[in-house]
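Each chain carries a letter (A, B, C and D) given by its place in the written order, and its residues are counted from 1.
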C-alpha cells in the first residue's frame, strides 16, 4: 500500500537532492515561489477545498446531519436511499449518511496524527543522523533499518494483533491512538531516510561549507541553513503520506484489526457490509466513496506540493 | 481476514466438542447401499478447512479435523444420518443393568486400513492413551466418568511426576470382541456418548509412532487416508474392507477430497462453479436477500442444527448480583428482539431460541422451556426493569457485552445491544465490545474475569439433552461459564444421570432445564440452522443434524 | 572557392552550385502561457564548404534555436512559422522525417555545450560512438567498435582502446568534448554545428578543443557553424561572423572586418567587453541593460533600450539589414556612425 | 563492488537480528497465553499445556526462546506448529504461490505501468495523458478490496472468463486477475513515476544528442530515453517484490490462494506463533535481500553510482 510509493519517491527525492545540491541554496525563493505556484493551481486548490470540507465535517459533524449515527432500527435494515435518509440504512438499520459524516473524524485524526508523529520522530532522527555523521549516524541508521525491515502490512497485522486487547476499556480515543501509534511506528523510518539524505546533501553543499569557513556557529548553521533546506523533502513526504495513511487505516480496519466500534470508521463499514453487496450496495458504496475522495484529495495536494517544491520539475 | 474469522467461529463454536456423526443412511437400507441403482464411484469435493491438530481422534476437538476423522474412524456407536439417533457402529450391542457397568460387544470382521483386525484391545488401549494425562490429548475429559480416570492424571501442575496408573481401572477386556466399561457413578446416556469420535479405536501402528500417525492416520472407517496437503486439501478413498452397517452402508462414492478454503465466499463461489460438491456453510453474502436459494434452487438445504447461541452473565461480579439482578437479567432477555435478529442479521440462518436445548436433540421439549422470558416485549421488559429497581438493583452505566471478533458475531452482537438499549428505558447502555480472538475471550471467561455479559455458544457433541446440561450448568462443570451453582439443578442432573430408563432420564433433564429460567444467568438467543448447498453432481443427498453430508449414501453422477 | 565547389559537384549528385547550407528568413515561435515568444525573427545566413561561420550572441538571442532548426531537433512547442533551411539546395523543412533522418548525423552533425549531460550517462562512450556506424551504416558490433576506436584516436583521445568501455562520467571535461566531437564527425558530415563547444571548459582546454575542431575541419573540408557568446574564441578559427540579437542577425561580416570596425553598436559592445592584453589597465566595458524579453520585444530596433546611438527612429522603425559594403551587413540605422567611431 | 556487497551483507546481520527479535517478541510475548482458547470452550488440560510448554520452550525467559529460535533457523530447522505440522511444509506450500502471484503482479505493473508512463510522458497534456493521470490517482486511492471485488465481479460473475477462485494447482493463467488486483496501486505509481522520468529526460541533452545523431525516434525513445528513465522504475519494481509478497494478504484471501500472507493471517487468528514467526521472518528476509539487491542493481544500471 502506501509504503512502496513513498519508498520510491524518497529514493527519487534523494537523487534530486544529491544531484542538485546547488538548488538548496535558493531556499527562500523556493518556499515563496512554491506557495505562489500552489495558489494558482486548480489541482491544488480543488483538493484543498475538499479536504477543508472534510476537516469541517470532522470537527463539526453535527452541522451536517441531525441523525444519530448510533440509533438503530432493525426494521429499516438495508433500506435504500430515500428523502428521509439520503444514503439509506445499514444492516443494523442505522443512517448511512450520518455514519459516513461521523466516520470522517477518526479517519482524518488517525491519518494526520500518525503522519505528524512519524514526521516529527522520523525527521528528528534523520536530521540528527545526517548532521552528526560518524558512529551516531551508523547507530541510528541500523536502528532505522530494523524497523524498515518490517513490511508495512505484515508489520501492522502482527503488531495490531498483538496489541488488540480490549479488556482495559480504552474507549474510542484509545482505539484511535493505538492505530495511530502503530502506523506512526511503521511510518517513521521512511521519513528518517529522507531527512537524513536531505541533511547530508545540504551539509555538503558549498554555501554551508562557506558559512562554516566564515566561522558561523553550529547552532546558526543548523537553524539558518540546514533545517530550512532539509525541510522541503520532509514536508513533501508528509503531505503525500496523509492520503496513503488514511487509505492504509481503512485497509487495517477492513481486516478487523484497525479501528473498531465504538469508533465509527469507513473501513469497518465497508468490511461489515461487503458481504451484503448482492443485496444492497449503498452501505458500502457511500463510505467507500467518501474514503476515496478524501484519499485522492490528500494525494493530489501532496502531489502538487511535491511539484511546487521539487526544483527539477519546475 | 474474514475467511479465517468465520472458520474459527465455526470451528471453535462449541468449544470442545464436536460430534462426528457421519453415520448414515437411515432410510436407505440394503446391504450394498446403492440399492437404488445409483451410480457407483466418483469423488466428492467437500468444502473444508485445515485441521488444527494431528488427525488422531482423541486429539481432534474442532470441526475442520473432525470432519476428516469422521470419514476415517468409526466408534462403537454411530448417529443416524437423518435423526441423529444412536445406532450401532463397531459395537454389536452395549448392555448394562445398573447404568454403571456397560458391556460392549464388538462386531467381527472390522479391519483397520492397514489390515489389522479391530479388537477390544484397540479400544481399550486407545482410550487409555487418550485419557493418560502426560499425553496431553485434547479429548481426555471424555473419559472423566470412567473409573480410574483420576489415577491417569498428573499429580502436579507441570506433570513432573508420573500419574499413579497408566490404565483406567474401569476398562476391562473380556475377550477379543468384548470389553466392559465401569463409570464412577450411574450414567444412563453413556451409550449415546459412545458415538463420538473420541471413542474410536486405534491400530497398533499408532502406538509405535503417534506423531507420524497424526500426519498419516490409519482408521477403521469407510474411507482411508491418502494424502494431506496443508492448507490445500486432504484426500481419502473408499476402504474396500469396510463392512458397512444398516444405517451406514458401504459408500457409493470412491473418494472424498476435503478442499480447504480460507474464505466462505470463495468456497461458495466454487460451489456455484461446480468446483466444490458440498458446502456446509453458506456465506452471509449469499444468505442476504435469500440469494443462495435463487442460486442453488433445490440444492439449497436448510434444516435445524444441534447448536445454539446464548449469552451468559458474569453473575459473580458485584455489578450483576444482589437483589433485583435476576429481574434485570429477565428484563434484558425480554428486550432482545430475537425474531428480528434472526431474520435481519442472519437472514434465516438462525431461529429464535425458546429454551436452552437445541430442538434437534433427544429430550428437547416442544415449545421450549424459556417461555415468555424469551419473548420480545417492550412493556413487559420495562416492567421487569422497574421491578428490579424496586428491589434495589442499579445496573452500571455501561454494561459491556463481549464477543470474539474472529467469529462472525459482530453484527448480531451489535444488533442485540441496540435492541436492548432501545427497548429498556433506564440510565445505562449496553456496549458490544469485541475480543480480538476467541482464545483471549475464553481465557478471561475461564479465569472469571468478566465484567458484563458475553456470548457463549454450544455445538452438541452428541444429540442428547444431557450434552446441553451437564457440561454447561452443573456446578463446576467444564464449560459452566457463569460459574453458576444451583443445588436443585445439580440434584436433578445427578438423578437424571442415574436414571434407570431413558425416558426417566429425559424427564429429569427437562426438569433441570426448567430451573434455568429462575436465574437467567444464561439467556438463550438463537438456534443454529444448517444452511448447506451441494453441486449438481450429487444425488441422494442427506444432511445430518450435525450439518454434515451423509457420505455413505450420497452418489455422484455426471 | 571554385575548387571547393567543383569537389562538391563530384561528390553530391544533384547538388546545384551555391552555398552548402542556407538559412533563409527563418522565423521560430514558442507559444507560452503568456503569449508567443518569437525566438527567431527572420534570420538568414549561409555557409560554404570548408568555411567556418561563427554565430555570436547572448543566451536567448536565437542562435541555438536556429541551430536546432537546422538539425531538426527543435523542442516542443517551438515551431518554424516561416522561412527555409536549404542544405545543398534542398529545403530541409519541407522534407519528410524519413528523408531527413539520414542527413542528421550523417551529413549535418552537431555537438553541444555540456558534453557531460549530452552524452548518455548509462552507455559507454565507445558504444555511443559505435552506434553511429551501426545505425547509419549497418556495421556489425565488431566493425563498429573498430571504427569507433579509430575515431577516438582521431580526436586524440589517449589510450582510446582502453577507454572504449568507460562511461562519460569517468572522463574529464575536455576529453568528454573530444568524445562528442568524435561522435559528430564519425560519418564525415558536410556540416558540423558546434553549439558553445568550449563554454564549459577551462581556458587551456578551450584552446585545445578549438584547435582540434579547426584541424578536423581542414582535414575533412566540412562547413563549420560555431555558435558562441564569446567573441574571443572565434577570432582565429572563423571566416565569417553573424551576430544575433533578440532573434535577428544584427551584423554579418568576415571576421577581420568585424574586429577591425564593427558596424553595429551591439557588436561594438561585445568587442569592447573582451579583456585584451594590449589595453591593460583600461576599464572593461560591459553592455548596459539586460537582453530583451522575447514576449515583450521593444518596438523598432530591439537593441534601442541599450543603445548609445539611439535616436527616435530606432524606437519606431525596425532597421533592415543594410549593405555595409563587401559581404558586410548591419541592421543599424546608424551603422555609418558606428563604423566611423570604431576607426 | 565486492567489498561493498560484503559490507552491506554484514550490515544486514544486526538488522535481521533486530527485526526478527521484534517479530518474535510481538508474536510470542504480547498476546494472551497461546493455549487459552486452543481447547475450545473448556480450558486446556494442564498436561496439555505442560507438554506444549516443554516442546516450545515456553518456560524459558523470552530472550532464551529467541536464541533457540534463531539457532534453529540458522540450521534450517523451522520447527513444527502447535498442531505438529512441520512449518517447512507450510512454507513449501505457501511460498511458491505467493512468489508466483507477486511475479505476475510485478510483470503486470511493469508492462502496463511503464507502457502508460512512456506514452503519456512523451505526449503530455493530451487526452490520454489526462486519462492516465486521473485514473492512476483513483487506482492509488481506491482501497484494494474494492478493486478486488470489482474485478472478480466483472471477470467471473459478468464475463465468466475466470473461475471465482484460484485452484490448488495455482496455474499462472489463473493468477492474471489476482495479480492485476495486487498490482493496481504500484501500477498507477509506476505509470506516474515513468511519466515524470520520461518527461524529464525527454528534454535532457543526451536525448537531443541522440536525435542529432540521426537515430530514429523508436531508437531514441526505446534505447536512450527508456534506458535512463527506467532506472528508478526498476529499483521501485525490485523493492516492490518484497512489498507485494508481504502485502498479498487481501488478494490471497479474496481469491483463496494458499499463500504466505493468508497462512500468517490464519495462524495469527489461531494464535499459532510457531507458524507466524518463521513465515514472517522469511518475508522479512526476502524484503531485506531485495533491498540489498536493488541497491547493487542500481550500481549496475547507473554507472554514475560508485560504491565506496
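One rule holds in what follows: contacts are C-beta pairs under 8 Å (C-beta built on N, C-alpha and C of every residue); 3 or more make two chains touch, one makes a residue touch a chain.
Values in this document were obtained by computation on a predicted structure and should not be read as measured data.
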### Query
Which chains are shared contacts of subunit A and subunit B?
D
### Summary
Judged by C-alpha centres, the chain sitting nearest the middle of the protein is D
### Query
Compared with subunit C, which chain's mean CA position is the farthest off?
B
### Task
Mind checking the centre-to-centre distance between subunit A and subunit D? Centres are C-alpha means, answer in whole Å.
21
### Task
Using mean C-alpha positions as chain centres, tell me how far subunit A is from subunit C in Å, no decimals.
52
## Note on the structure
The distance between the C-alpha centres of subunit B and subunit C, rounded to whole Å, is 92
### Message
Based only on mean CA positions, could you tell me how far subunit B sits from subunit D in angstrom?
### Response
40
### Sequence positions of subunit C contacting 2 or more other chains
none
### Message
Show the residues in subunit A shared as contacts by 2 or more other chains, in ascending order.
### Response
161, 165, 254-255, 274, 277
### Message
Where in subunit D do residues touch two or more of the other chains?
### Response
31-32, 249-250, 265, 269
### Query
Which chains are in touch, pair by pair?
A-B, A-D, B-D, C-D
### Task
Using the touch rule from the top, collect the residues of subunit D that touch subunit B in their complex.
31-34, 36-53, 82-85, 89-90, 93-94, 156, 163-165, 167-168, 249-250, 252-256, 258, 262-263, 265-266, 269-271
### Query
Which part of subunit D faces subunit C closely enough to touch in the complex?
203-206, 208-217, 219, 224, 227-228, 231, 301-304
### Query
In their complex, what parts of subunit C are in touch with subunit D?
68, 71-73, 75, 97, 101-106, 109-110, 112, 114, 117-123, 131-132, 135-136, 167, 169, 180, 183-184
### Task
Could you please specify the touching residues of subunit A with respect to subunit B in the complex?
70-75, 77-78, 91-93, 161, 164-167, 169, 254-257, 260-262, 271-272, 274-280
### Summary
Listed in rising order, the residues of subunit A that touch subunit D in the complex are 1, 3-5, 7-8, 11-12, 15, 142-143, 145-147, 149-154, 157-159, 161-163, 165, 243-244, 247, 250-251, 254-255, 267, 270, 274, 277, 288, 291-292, 295-296, 299-300, 312-313
